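First up is the structure itself, then whatever we jot down about it.
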Amino acid sequence: MSNRRFSSVIKLSLLSLVLAFTGNVAADPVRAAFVYIGPTGDHGWTFAHDQGAKYVKEKMGDDVVITTVESVEENSDSERVITSLARKNDIIFTTSFGYMNPTIKVAKRYPDVKFEHATGYIQADNVSTYSARFYEGRHVIGKMAGRMTKSNVIGYIASFPIPEVIRGINAAFLAARSVNPDVQVKVVWVYTWYDPGKEADAANALIAQGADILMQHTDSTAPITVAEEKGIYAFGQASNMREWGPNAQLTGIIDDWGPYYLDRVQAVKDGTWASQDTFDGVQQGMVKFAPLNNSMPVDVKNEAMKAIIDLSMGAIHPFTGPINKQDGSPWLAEGETPPNFPDLLTMDFYVEGIDSKYPN
Amino acid sequence: MIKLIPRVENSKAMIILSPIIALTLTALSAFVIFIFILEDIKVSSVFFTLFAEPLIDPYYFSELLVKAAPLMIIGLGLSIGFRAGIWNIGAEGQYVIGGITGGAVGLYFYNVEGFWLLPLMALAGILGGMFYAGIAAFLRIRYQVNEILVTLMLTYVAVLFLSAMLQGPLRNPSGFNFPESRIFHDSAMLPIIWDGTRLHIGLLVAILLSILAWFGIKKHMFGMQIKISGSAPRAAKFAGFDDNKTVWYSLLISGGLAGLAGLFEAAGPAGQLTPGLPQFYGFTAIIVAFLARLHPIGILFSSLLIALSYVGGENVQIDYNLPSSITQIFQGMLLFYFLACDILIKYKVVLNKTKD
Amino acid sequence: MNESLFINIIIGISIASVPLIFAAIGELLVERSGVLNLGVEGMMIVGALMGFVVQFHTGNSYLAVLAALFGGMAIASIFAFLTQYLLTNQVATGLALTLFGLGFSAFVGRGYTEETIQLITSIHIPVLSDIPFIGPLIFSFNPLVYIAFLMVYLVWWFLFKTKQGLILRSIGDNHDAAHAIGHNVVRYRFMAILFGGAMAGVGGAFLSLVQVPIWGEDMTAGRGWIALGLVVFASWQPFRIILGAILFGGITILQLHAQGFDIRISAQYLSMLPYLATIIILVSLRMRLKNKTNRTVPNCLGRIFHSTT
């Protein structure tokens, strides 16, 4: 072999060695997909999930490829969307309860793909569930509302009578009552997660009936715009809605999914992913708050801050006895806190003191 | 100046050509739109995903058929009424009611197995849809209230009724209080005809029905009755055809078939009753019927085409991050062009060169 | 019930009824000319979008309303061209218009879902608005509310007090005879359809410019279909549109209030009331009119006009 040839062989071998080595280190990126029930422009529920997805991309850069699909209806079509994603992704986040059965079905057919279902209650070897203790957020805003209301009527725009929504109403009411024994909560059910017109109508009706603070468990910014227009207070839902209610928003409950999403996607990359059920709150950083409105009196702000700190240290539980159910029957004894299951996860009663009739 | 001159008789060539022209125009318009909104994506690959992939990939093809089945069934029923000038716009509501009545039967017997359950559920679904459409028939005959409005208003009522049922009597007792029914047990689920997919017996029923409908319209007096009633009600009355009977038949048949489609959806791809049962099949089927010129065999093809646009459109949405409204625009355009090109059958387009 | 709650309810009902009044009065004129346009929902949503977009970019409410008006007209012109010149089936074309309008507005509007705008504010007439009780109730509405009522009057005046209105009605009743006399059936219908589109567009804009200052897909939520029902409910008489719109808007608002008052009926059944009420009212109207000889349905409604020249 000539010298020239020999050196090219060496160069080629070195090159391939380097490529092989770096090829192993720079492995294929993890492919993560997110299924959204609404548009990211709702600036509410879906927006918050999308922020979480963006957080993952920001932290993992080229190590992750993210696909998002918006406005996927909760019907039999969703199974096809999830399947399409399962064919090309390593982990899929389905961000609404209604995707539960389709997620389970697809997970059975794609055992090597990981699935994360939000607010669901069925797990499998490759299906995790996750949810946030939003009711902790309601506890904080409940205290603020109890203090800031002058008419003693809190208007609550509720979507569907499912446990998560009931938890929110109960927590808000209890917290408000704890600082204001005369306060009441009026609930209007709009039977939709997102319908700006209807949410606005409900807001107006509640205001007409005396509410001077609004809370919502629906996804649009409509109620807060009504509050802004009418000069009353409200709270941002799932994200900071200050832009729509600069004066109205006292604070907002922010769903911070980013760290959890990063954790799960990283676990897939590292091969350490395992099925689990997550139900995190303020302590784990999943529930956060928008900056408190400065127009509130100092003592109200301090009380709210204390509540947030207490929650973040796990020092208090929004549902601490003695608490009875709306019909008077006992629920929690003095100092008792409820277990996740069945009390919290299947909550289907109002607590004592709420005037509104429990739906159906 | 463009002038329209009526042909002596319908152009046979145009009957075949006009839908092709319409499809081509739609594709061209879509092409133009895509060029504008897709900056760095190849338009050809979008077209492939939209039109070709669902036909080539077995999974997507099976899904195409799954989506086409309810469109066929409802479209067939509607076409019968439309021929007679009876405008059932509320098939969506009848579909929901059929899903509820049929599904409720399945849920009632949730711990009982037996091959008789499914036919019973199907019957319940058909009867539910028939009853619901019958309300409109009754109101039209007795009080001359327009069936377009009644069926439409009742659609909203049906969807709310579904919500009420899922919150109450039909709710899964061990379902954490979510507004969904139990998952249907094995006896209450439709048999799958293509292993590994969601394609169920509903497709075969749809094809069978269309063949039956074709014969019915061709041979039976009933078909002629409907054909004439639609085009000239007064003449129909003269010839002894009963206008009232036509109203009943049209609404009951279209309602019954819509109800059946609702049950098929609940006991098929969905596998339970949820608030997501209504999927606008009832409205899309109207388009399907028109694209098929109300002809039963044509409905087979137009359902496949519309189902293709759904499945392909969804994949375009996923792969290229385009909004779901693309599919709606495409369907709207297709219908516009199709209706416009229809005129070529009856009229000749002549360009008149005028001096001034 | 205290006074301010009463006023609030009345105001709420008025706000809910205005989009319906606009859309219905436009469709009334169209149907009087013998055309059935089922595309009202599509025209309304396009108007809602156009109004929002222009308001967002210019901050000028007048321009925004005009944009909505022209947007509705533009999309209505597709329907007009197809049905009047290409003689297509009106039911199918109207449905296609709704479908296209919904898709088009959702598509173009997707960049605007995170934005917000300034609402059109209510007026304040120096002396009149300050009269206790009546002031806030009658004289303090948004300009579009007053325009809606004005349009109803204008349509009535046009149909029953002008020669062109008479011609239009005659076309709706017997297009062949009208054509034989020498009236241009196609032109009258075309203009009527454009007017219907303009009105529907403004009605839609009311939603995005007055009710809630945001844009969302499908924000019309079926109001276009309700408007179609209103036209029949009103027996094609302009002033009855107001009654129907208030009734319908009223029930929608009242069911929300009923929940606040803890009325013991489930929310879903309460929500059904507006739709059932429409049907019941249609039936009761028919029962009353059954014995009268004057027919109010435009005879040629929905029939395609084939010119024989």
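Worth pointing out:
As written, the chains take the letters A, B and C, and residue 1 is the first residue of each chain.
Criterion: a contact is a pair of C-beta atoms (placed from the backbone, for glycine too) under 8 Å apart; a residue touches a chain by one contact, two chains touch by 3 or more.
Just so it is clear, the structure is predicted and the values come from calculations on it, not from any experiment.
The minimum number of touch steps linking chain B to chain C comes to 1. Looking at which two chains touch through the most C-beta pairs, you get B-C. Centroids of chain B and chain C (each the mean of its C-alpha atoms) stand 28 Å apart. Centroid to centroid, with C-alpha atoms defining each point, chain A and chain C lie 39 Å apart.
Chain centres here are Cα averages; for chain A and chain B they lie 37 Å apart. Contact with two or more other chains is made by residues 163-164, 167-168, 323-324 of chain B. Touching of two or more other chains is recorded for residues 71, 191, 359-360 of chain A. Those residues of chain C in touch with two or more other chains are numbered 110, 217, 266, 268, 271. Across the complex, chain A meets chain B through its residues 67-71, 73-81, 83-85, 97-98, 101, 121, 160-163, 191, 345-348, 359-360. Contact residues of chain C toward chain B in the complex are 38, 78, 82, 85-89, 91-93, 95-97, 99-107, 110, 217, 222, 225, 228-229, 232, 266, 268-269, 271-272, 275-276, 278-279, 282-283, 286-287, 290, 306.
Within the complex, the chain B residues that touch chain A are 59, 63, 163-164, 167-168, 176-180, 183, 198, 265, 268-272, 274-277, 279, 311, 314-315, 317-318, 321, 323-324.
Chain contact summary for the complex, chain C toward chain A: residues 4-5, 8-9, 12, 15-16, 110, 112-114, 116, 119, 207, 211-214, 216-217, 219, 221, 252-253, 256-257, 259-262, 264, 266-268, 271. Every residue of chain B that touches chain C in the complex is listed here, in rising order: 4, 6, 87, 89, 139, 143-146, 148-150, 152-154, 156-157, 160-161, 163-164, 167-168, 283, 286-287, 290, 323-333, 335-336, 339-340, 342-343, 346-347.
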